[in-house]
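Shared between the two complexes below is chain A, which has chain B as its partner in the first and chain C in the second.
Take a look at the complex of A and B:
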């Protein structure tokens, strides 16, 4: 009698799970998941920062479009944004790699959420800090750059981590447009072997967990390293 | 040096400054006192435009604050401000707290800015704290650093908004000593404070405010010995014998 679970489907396809057909073909599996997550993470950090700053601008002509954009994106399912980019980008710019449309969708979506974290972080810095800096003659931009953001960003770290953990998991939605990240690879192998869905999906669940947990631990370590935090 | 002419300010319907007329000459030390909510903090915050005025004219060091062409950042660089809550930058060391503004606004080279900062730290008696962070300092030390930070821009006017009100009693003296030293050096100063000993000893003039109005302006000896206004008399009674104020 055969054992109840058969994890040989994992060991047999291990390289494919990890890096797809790379280096003989395109990167896939965990490698592509990480690539999508890291690139979108970096881009949406800056996207969120810029959107956040625009959304609290003194000038209504800047503030309202930014707020409208943020609310629009936040009111849409991510899956729809992914479809949207997948069909819109090629229509606008000719041929765009599928990976890039997914990165753009993830960046757009995450930036909108990140911008609210940025605003909360900025508003959490006591007003006295801004007043003290203004009273020495610094311009409001210098106050933001040297006084408010350095303190605010540190307070934003836990929320950023939350958002990036969501982002890692959200990359799984890319499978719907045929980008061969981990979930897509898993469905491929599942379709080919037809017999081991439990083993395959338990395995990729574990991988997602490890990725997210590793990222959370890394950021906790980073937070502890920020020198002036110890002074409190 | 500072001239208020018919200055009014409203917070919505609240009339916080009511027809303020005040002139401060160079080198003068003016102490502003009065019960809480009388508008004295608002008054000095208008001078470097942390609070804009609603009506009237305010001229500081030759610059008209109502004039749209006035460069507010330039004005603020000429006017030092010391807060009740110190407001040091917690993420920067003491020396960086002081050198930030000269380095970024006046483009003073780092070495020179640090030398000037050290001279100021020596002046306030804290040269050994140059690399400490604000949270490692006592309240009195933080406030002295805050004074050094304000002086780093070489201001022509210094404003103090209740600089000792948030301090433990045993630290008040060290801050007042620095302020007295500054006054004796000829700095133009406006000080909102309840430290009547400081007012008596250092101030050239005392202004008493209540409900947004300057009720009385007099040299300290006249103000303390012969207050004219009933509100001022009451205020001084409460200040000198707080325990008995409730039951005359």
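Take a look at the complex of A and C:
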């Protein structure tokens, strides 16, 4: 009798699960998942910082468009954002690689969420700091850049790590436009072998879990490490 | 710029309008069913998570960590493609007759969301002063009865806003059900796009639907916060 679970499908395709056809072909699998997550995370850090600062600007003409954009994106499912990008990017820029389309969609989506973290971080810095800095003659931009942000960003680190965890999970949606990250690789192998869906999906769930859990734990540890700064 | 002729009439009437409308109804049906089940399951997990029995607490903890740290899409695929091996034959037969796509999506959404709801309920419970539990226990209530009559009724009241937000997340997450062929909002928008090549109009329609849903729900939460919980947003 055949064994109930057959994990040979995992061991046979292990390299493919991990890095796709790399180095002889494009990167795929876990490698591509991490690549998408890291690149989108770095880009959305800056995107979120800019959007966050715009959304608390003194000028309504700057503030309201930024808030409208943030709420628009936060009201949409990520899948919808991916379809929009998939549809709009070629219309605007001609041919765009699928990887870049997905990075663009993930960046827009995550920036909107990051901007809220940035605002919360800035608002967490006591008003007295801003007032003291202004009274020493710094301009409001210098106050933000040299006084508020350096302290605020430090408190935001755990939330940023949590966003990165969300990003790792969100990259699985890249599957829908044919980007060969981990979930896509899994469905590919599942379609080819037909017989081991349970093994395959449990395996990739575990991989995602290990990646995400590691970063979730890091974020909790950082939160503990950084919490002394809330003492003031 | 874009060389594109807009034709909004295709989505405001006729066949394609009906498709989009049926998509919206499917999204609402899937989300409504899943949120009710997820709330009940989340409540159970939250109570287990706070239990004094170590194995029970540990099981709930593992459940929370596992389902919160794996992508919803993978969970949907697992239930759709991979669950037949671990489910009893009776259930498999029943599912195959009743349309497995919807059931798989509902199961995945329920379990995924229940993990988040359990944490919301737990923080609601933790915000109730500890003395309430102590008083209830010394009055002779068991742990479960104290939860049922004293703690949870108060905790749920505070937990309603995050729960409603979870409903909103669930409605957005239900778009992933299209990947296994559930004909919900995003599926229908995609469908209209591929039949008419009018992607701009179709995606706009779906986006507007999601936005209206989120604006309505967010306003309701703000109203509840103000009128019932007397929390006012800091200016």
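We adopt the following convention: the second predicted complex is superposed on the first by the 215 of 232 C-alpha atoms of A that agree within 3 Å, B and C clash if a C-alpha of one lies under 4 Å from a C-alpha of the other, contacts with A are read in each partner's own complex, and residues count from 1 in each chain.
What we mean here is this: contacts are C-beta pairs under 8 Å (C-beta built on N, C-alpha and C of every residue); 3 or more make two chains touch, one makes a residue touch a chain.
None of the values given here were measured: they were computed from a predicted structure.
The superposed arrangement places chain B and chain C next to each other on chain A without a clash. When the two structures are aligned on the shared chain, A:22 is found in touch with neither chain B nor chain C. After overlaying the two complexes on the shared chain, residue contacts for A:84 are found with chain C alone; chain B is out of touch.
Ranked by how many residues of chain A each touches, chain B and chain C are led by C. In the superposition on chain A, contact of A:169 is made with chain C only, not with chain B. When the two structures are aligned on the shared chain, A:69 is found in touch with neither chain B nor chain C. Between the C-alpha centres of chain B and chain C, as viewed from that of chain A after superposition on chain A, lies an angle of 100 degrees, to the nearest 10. When both complexes are overlaid on chain A, the residue A:151 reaches chain B alone and has no touch with chain C. Within the superposed three-chain model, A:35 lies out of touch with both chain B and chain C [touch as defined at top]. Within the superposed three-chain model, A:136 lies in touch with chain B and out of touch with chain C [touch as defined at top]. The overlay of the two complexes leaves chain B and chain C separated by a minimum Cα distance of 15 Å. Chain A uses no single residue to touch chain B in one structure and chain C in the other. Those residues of chain A lying in contact with chain B across their complex are 126, 128-129, 131-139, 142, 146-147, 150-151, 154, 228, 231-232. On the chain C side of its complex with chain A, the touching residues are 2, 4, 65-66, 69-75, 77-78, 81-86, 172-173, 175-176, 178-179, 186, 189-190, 193, 199-200, 203, 206-207, 210-211, 213-215.
Across the complex, chain A meets chain C through its residues 4-5, 72, 74-80, 83-84, 87, 91-92, 165, 168-170, 172-173, 175-176, 183, 186-187, 190, 197-202, 204-205, 208-209, 212-213, 216.
Interface residues of chain B facing chain A in the complex, by the touch rule stated above, are 48, 50, 73-74, 76-81, 83, 85, 87-92, 100-101, 104-105, 133-136, 146, 149-150, 152-153.
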